[in-house]
């Protein structure tokens, strides 16, 4: 990614709101994951996919978000996705949500690359070199 | 079950509400499923469990709900679960939600008994006789 | 609408799935509402909006869905929205979800037009003539 | 609270899981909020309630969670709630989720005390002394 940032947008749905009249904070974590998936899809990747005869997945090990301004029903938010860090087995994405040019939330999500066994058991593994190349935009 | 009704209760959470200040209607379907699981658990059963060396599941084929009165944050609702019909491969549950003795919603959910293959593929099957006996309270 | 049908699409997100590997059935009700809102937006309307100096809303009084085929992560579904019936105070929408040309689910949602008071109290009212005209595409 | 910790438990529901067969990470934020509300209720408080003739609320300004071990359907988790910090206008809670005595997740949520106006507008305010006293267990 190296400095480049992926952008996607999202329109807030009625079910995203709570009785305070704003987006319930837990939904921002769903939004971050969906934006990550959109970014990965733009590179021919996903958070759960077959790879070299196995299934790999990226269970989350940490997530955080700062909520700067309230977001409400039918607002359209821009979500900027960037890669903060790619480790040997893990990857951290950064997210910036903005509305009408103003930041409304900022977050990070870290995931670990795992081999997903048929019984759902997860086993951490190195990010395959071919996956990494595509993630970094070198493919 | 034969006329008997299983009861469970649930306290409404902040995240269950929407900007109208009431429980978002889609959540009643989550509540019905959770009450069904509680009922099944009281009989030593579940909606997804190993059975005779296989995994069986009960994907939903139909669901409906009438919303009679609004339900709000921190309300405690009683959920009455009854078996409406047990077919050869399917089962239909009825649900009545009440608050302070007044009905607030009524719904039904129908599921089909399926063999769940390791790759997640679902194949409908007859409800095993031993499962059925326990479901009907004959075991 | 009178025979016309509104279409929108939706890509299934990871958080929409459950441990059976398919979209959790309760999410179809969120999807129906979001499609209804998209349809209304195409007519300059919404499920919650100011109208003639008041706020009107459309709390749901009934919802149902038949689940025909499983839908999975990253599937793109077409959602067809049609008006089934417009009553004096209520409106019923029909929804047909399809994937690659095959129907995967069919549902209905009925709502009642309400005056929303500042304290969130809901009072049913006739659908305003101007709202109805736009809803019916006569405006 | 001063060293004391409030405990509540929660049984994982089918709808809490995702296609990886584990609790979807965004749900832990719902669980934290629900545990916070349980703690507050034990002190006669809430995240949204009338207070001295006004309505106060506690919109979240930051939330984070580390996911240590996977949690699955029907697991019963213990949620330990502690007050990390009470500021003039804000409060930060810490949460530790455990299963069979092992930690499965740890998180924090910070909220700001706000006056909630009838139009849903939020205005930050000092935590009322009477609310604070009860929160700190001095009442």
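Just so it is clear, A, B, C and D label the chains in written order, and each chain counts residues from 1 on its own.
Methods note: a residue touches a chain if its C-beta (ideal position, glycine included) is under 8 Å from a C-beta of that chain, and two chains touch if they have at least 3 such contacts.
The structure displayed is predicted, hence computed values, not measured ones.
Undergrad: Roughly how big is the turn, in degrees to the nearest 5, that lines up chain A with chain D by CA atoms?
TA: 180
Undergrad: From the options A-B, B-C or A-D, choose the one that repeats interface C-D, i.e. more than half of its residue-numbered contact pairs are shared.
TA: A-B
Undergrad: Could you tell me which chain lies farthest from chain C when each chain's centre is the average position of its Cα atoms?
TA: D
Undergrad: Based only on mean CA positions, could you tell me how far chain A sits from chain D in angstrom?
TA: Taking the average C-alpha coordinate of chain A and of chain D, the gap between them is 24 Å.
Undergrad: How many angstrom lie between the CA centroids of chain A and chain C, rounded to a whole number?
TA: 28
Undergrad: Taking each chain's centre as the mean of its CA atoms, how far is chain A from chain B in angstrom?
TA: The computed centroid separation for chain A versus chain B comes out at 32 Å.
Undergrad: Using the touch rule from the top of the page, what residues of chain B touch 2 or more other chains?
TA: Expected reply: 14-15, 19-22, 26, 30, 33, 48, 73, 120.
Undergrad: Taking touching chains as linked, do they make an open path (line), a single closed cycle (ring), a hub with spokes (star), an all-linked set (complete), or other?
TA: Graph shape, chains as nodes and touching pairs as edges: complete.
Undergrad: So in the complex, which bits of chain A are touching chain D?
TA: These residues of chain A touch chain D: 19-22, 25-27, 29-30, 33, 48, 57, 59-67, 70, 116, 120, 122.
Undergrad: Touching chain A in the complex: which residues of chain B?
TA: Chain B reaches chain A through residues 14-15, 17-22, 24, 26, 72-73, 118-119.
Undergrad: So in the complex, which bits of chain A are touching chain C?
TA: So the residues of chain A touching chain C come out as 13-15, 19, 30, 33-34, 37, 41, 46-48, 73-74, 120.
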